[in-house]
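We just call them A, B and C in the order they show up, numbering each chain from 1.
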Amino acid sequence: MILKTKLFGKVYEFKSLREVMAKANEEKSGDKLAGIAAESAEERVAAKVVLSHITLQDLRNNPAVPYEEDEVTRIIQDGVNETICNEHKNKTVAEFREWLLDEGTTSDMIRRASRGLTSEMVAAVCKLMTNLDLIYAARKMRVSAHCNTTIGLPGTFSSRLQPNHTTDDPKGIMASVMEGLSLGCGDAVIGLNPVDDSVESVARILRSFDEFKNKWEVPTQICVLAHVTTQMEAMDKLGAPIDLMFQSIAGSQKGNEAFGLTASMLDEGRDMMLHKATSTGPNVMYFETGQGSELSSDAHNGWDQVTMEARCYGFAKRYQPFLINTVVGFIGPEYLYDSKQVIRAGLEDHFMGKLTGVPMGCDACYTNHMKADQNDIENLATLLVAAGCNYIMGVPQGDDCMLMYQCTGYHEAASLREIFGLRPIREFDQWLEKMGFSENGKLTPLAGDASVFMK
Amino acid sequence: MALVSEKDLRDIIAQVLTEMNVGQDGGSAASSGSAAKADCQTTIEDGCWDDVAAVDLRTQYLVENPVNRDAYYDLKQYAPCRLGIGKAGARYKTLPVLEFRAAHSAAQDAVFSDVDQDFVDKMGLFTVQTKCDCKDTYLTRPDLGRVLSDEAVATIKEKCKKNPKVQIYVSDGLSSAAIAANVGDVLPAIEQGLKSYGIDYGTPFFLKYGRVGAMDQVSEITGAEVTCVLIGERPGLITAESMSAYLAYKATVGMPEARRTVVSNIHKDGTIPTEAGAHIADIIKKILDAKASGTDLKL
Amino acid sequence: MKETILSVGIDIGTSTTQLIFSRLTIENLASSYMVPRIRIVDKEVTYRSEIYFTPLLSQTEIDAEKVKGIIEREYRKAGMKPEDLQTGAVIITGETARKQNANSVLASLSSMAGDFVVATAGPDLESVLSAKGAGADRISEEKRIAVANIDIGGGTSNIALFQKGSLKGTSCLDIGGRLIKVEHGRISYIYPKIQKLAERHGIRIAVGDRADESTLYRVCEHMADQLAMAVHVMEPDELHEGLYTNDGRPLTAEPKAAGLTYSGGVASCYYNGEPGNVFEYGDVGVLLARAVKNNAALKTITTYPAAETIRATVVGAGTHTTNVSGSTISYTSGKLPIKNIPVLKISEEEEQEPAMFRDAIRRKLKLYEGENGLEQVAIVFSGKYHTTFAQLQELSRTIAEGADEVIAGPHPLILVIENDIAKALGNALNVLLMRKKDIICIDGIFANDGDYIDIGEPVAQGRVVPVVTKTLIFNT
């Protein structure tokens, strides 16, 4: 492993693979905040040059957090298929990049390779990709999963209906659910971020979702995004109907601890889901991630936010999720400064998740203290569909009044489907037609009229 | 007996008006003889369009010919979000797009502009700053927003009453608009509440580019029993004027976040600022009585 | 945070006397980092008494001692003590409310009905309470329509109309099951207005006549028609107006009820079927139920099942009279509870102009000057026009001037406001009056001229007070 290169005649020497990985990143305010970013544009390129020569084996040998100290590392390393790993381990990152892009490399070949990769390898190759590379490579990879319906099949594009409410008012939430469905939103999941994460409140909302879903025979999944232990209690003690179990996750054990989470909790949660949930499965978990969360809880171990993010996907893979999405612009400008950084991060995360082998969606979003606006987020959403993203979010006109941020609106999924010739999940598509909201994949004039559900 | 409904009436009136316009247009077209010529004669008229930022989202209902208008209209009253907005193809109608952009512009201005210094001076507050040298540093370096500049430390030591029961100060946080909209009511209401309880308080001031955590250093410098910062919240699109109060008993640098008590959502459509001030005074009294704050204090 | 408060409802009606205990759950619905928002989130009836015939000394006098005995026995059976209760209502309803000794009955009960139990009555309130007990308000809200409840009791039929959950009107008619009584197979009593109704339709009945089922059923058919007229599904005849209790008013024609529920003793026959002997209860209640059920005009409106029938009023009284105030309020501790405080309402127009506000308080206070000085009153206003700090200072001065007589007097200054400003206003007044005056300043409550209110002891760590607003006590 050589950590030194010349660039424009100047010698750049890096002390560790960690330093190379951090400095090879595209510019991110979070890496600067952590004090690990390249100090100049030229140093960034020098790090990329050095990284291009690193072998996948070197990356395997240098996990971001030592094996002995971190259960996320252990889960990733122990999950590696050694036979497949051996096929790729002598490739340099540059060679691996070209192999991924090669016309002879198929979706199935990449899917197989996924089983032999660690998250550090995934992150490394991402750092050598341009935005279009990330789209081009991700486009090849399809990762589908089945809960009540199947997400991620070719020709489909889905959305999560996110009916968040400032006070969890059940009527207000249902008003939002109705309008979202009427616009073709919600085939991935109807999922609420609760204000009140008490067990009773979570169970109450799940019941109202379940009742509505059954009454109108909506072929989808329901979820309330409370802590995994709360959902378990709601299911176990109050018999709450749950299709998908949610949890925010991080790329290190310490990061997960900041979320009050351990791997065994997720094992237990998934086991309970398989025994008690209302859904068909086998994919019954839903995770959210986002670059920068490890740094914000001082759990990054000196590593960069792209690598830590890749480790989230490595960790998630163990639980065979139905949905995983990166909440890419929620964290704020100290991690992703502006729209350029958010768009880059969205494409990186989507690519890395797919290369890891998990079914990826993206909450393309921004907060009001970030230099970004709705146009930027529409750009990112469009790029993600081009990259074959499974799903995006949908909130009323992109304005989440509870989380106080903006993301994609109820109208976006339908617009993008029309532009790219895609459909919702088949059963949901048929349901939309039955309800009269769409015809041959296009919204009808009735779409957007939530009062249809008031009959 | 067939009653003419309000909607029918509206339709009839609209029809009559359309017909009147058709007549006029027909007349003018006939007299001028050329549409192109009429265009050349465009004049600037008196008049003013309605304020799109003043539209009440709850009463706005733009869906065309809904099958069950009243029922959904009633239901949507329970949600503060942008519902019943209809569509143009699979995209948004123009009015909601403009409303959204207006709300976002207010949010961005609230974040990226500074609190008007005249306002601060008029409130009788002296101004100090954290280690952030500008808004951009403030936004990207939360660590610096938690530390007072050396000059600030000296000024506070010089100007503030020592060891007060209560130290209140104001900080811009993520919304200068929140400060401008609320402090004028909240601050005197807290002070009046404290007076009514007979609790004495220190010298208030304004901290520019401050994060919540700066209150710990303020507490250490002033030696206050209770420190309270009024700080702008990160704006959403529903309002850019929401303010929070963070309170702590004998705050120290590095103490757990859980020791802070928070009162959020202070704005004219949330908790009315004056009433929030009275409530905060009440909480200050409870903190003093219990000698505890945050999760240690059961409110 | 959940907390429960216990409530009692006692209904002494024309024909029956009943009691219920219920548990109201209050909860802070706001998250811990917001200003509290405390609401009643659940209401549960925990105990229902037997249904007693109201003991009477004569046709016009309630047997207060026997009523008291009934209530005491029911308390014992429920294992409840007066001091366990935080709120509730005793109401003397229907024809009985006009009985001469109603006040003495209430007085005999107040000592043992709990510290915060209040005496209230009046046909408007009874209409509302029975409708809420029957669930008409809830049905109207869920179905998004106008629903009227007709509470057909012994002496009166109380009607309340709700549209989409909010009250649109009340009325009360002298139509009831016990307006003709039957003893030993003979008519023993006929209420004069019913006698007249029968005569108008050429039906001759007199006290002492044999109780003929078909003749009395014909009278009941005409009584049912009067109810149909009251809900505007039949054109009123010339007698209709005279049948309103105490010359009361009919419901307005709009909104028209699209749904009906029935409560009261007669309604239990309506929903549950008739007993074998139509005169089993010694009156025409069973026949009236049958007539209502068969009435063609009333059948044009959808009838919904009532949540309560014979117990609707008492359940309404026990569970639907209490509200909680806003969660940021101001009061002098030790001054609560206070009961039966008349409302002095300042109109929104008067509120907007300080001099008008001040003068309105002064002018209206004069109405409450009695032999022993000024009565205790609650000054009630919307509070919409004073929200900034400066406006509230001005408001506190206006009130201090207008209510100077109250401030100089022995009673606390009581302010009841709709808008959320009570704590700030309370502070302003305390500072202005240098904490020398007891002040009770609460918000989140709506009341009108002519109403009376009760303010209970604070609950939820002193953050809110239970409040009962009573519309038109003894509407005679």
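Assume contacts are C-beta pairs under 8 Å (C-beta built on N, C-alpha and C of every residue); 3 or more make two chains touch, one makes a residue touch a chain.
The model shown is predicted, which means the values in this text are computed figures rather than measured ones.
Visitor: Which chain pair is joined by more contacting C-beta pairs, A-B or B-C?
Guide: Of the two interfaces, B-C and A-B, more C-beta pairs touch across A-B.
Visitor: Any idea which chain sits dead centre by C-alpha averages?
Guide: Central by C-alpha mean position: chain B.
Visitor: What chain is the most remote from chain B, judged by the mean position of CA atoms in each chain?
Guide: Computed centres place C farthest from chain B.
Visitor: Using the average of all C-alpha atoms in each chain as its centre, how far is it in Å between chain A and chain C?
Guide: Averaging C-alpha atoms per chain gives centres 57 Å apart.
Visitor: I'd like to verify one number: the distance from the centre of chain B to the centre of chain C, where each centre is the average of its C-alpha atoms, in whole angstrom.
Guide: 42
Visitor: Using CA atom averages as chain centres, what separation in Å is found between chain A and chain B?
Guide: Measuring from centre to centre gives 31 Å for this pair.
Visitor: Among all residues of chain B, which ones touch two or more of the remaining chains?
Guide: Chain B, residues with two or more chain partners: 71.
Visitor: Can you list the chain C residues in contact with two or more other chains?
Guide: Residues 144.
Visitor: Which chain A residues reach two or more other chains?
Guide: Touching at least two other chains: 454.
Visitor: Inside the complex, what are the residues of chain C that reach chain B?
Guide: Going through chain C, the ones touching chain B are 32-36, 144, 164, 328, 330, 387-389, 392, 419-424, 426-428, 430-431, 435, 461.
Visitor: Which of the residues in chain A come into contact with chain C in the complex?
Guide: That would be residues 167, 195-196, 454 of chain A.
Visitor: Please output the residues of chain B touching chain A within their complex, sorted ascending.
Guide: Within the complex, chain B contacts chain A at residues 63-69, 71-72, 75-76, 78-87, 89-92, 96, 100-101, 103-104, 107-108, 110-111, 139-143, 174, 233-238, 240.
Visitor: So in the complex, which bits of chain A are touching chain B?
Guide: Residues in contact with chain B: 29, 32-33, 164-166, 169, 171-176, 178-179, 183, 332-334, 337, 367-369, 373-374, 395-401, 404-406, 409, 411, 414-415, 418, 442-443, 445-452, 454-455.
Visitor: Mind pulling up the chain B residues that touch chain C in the complex?
Guide: Checking each residue of chain B against chain C gives 70-71, 74, 184-185, 188-189, 192-193, 195-196, 244, 262-265, 268, 271-279, 281-282, 299.
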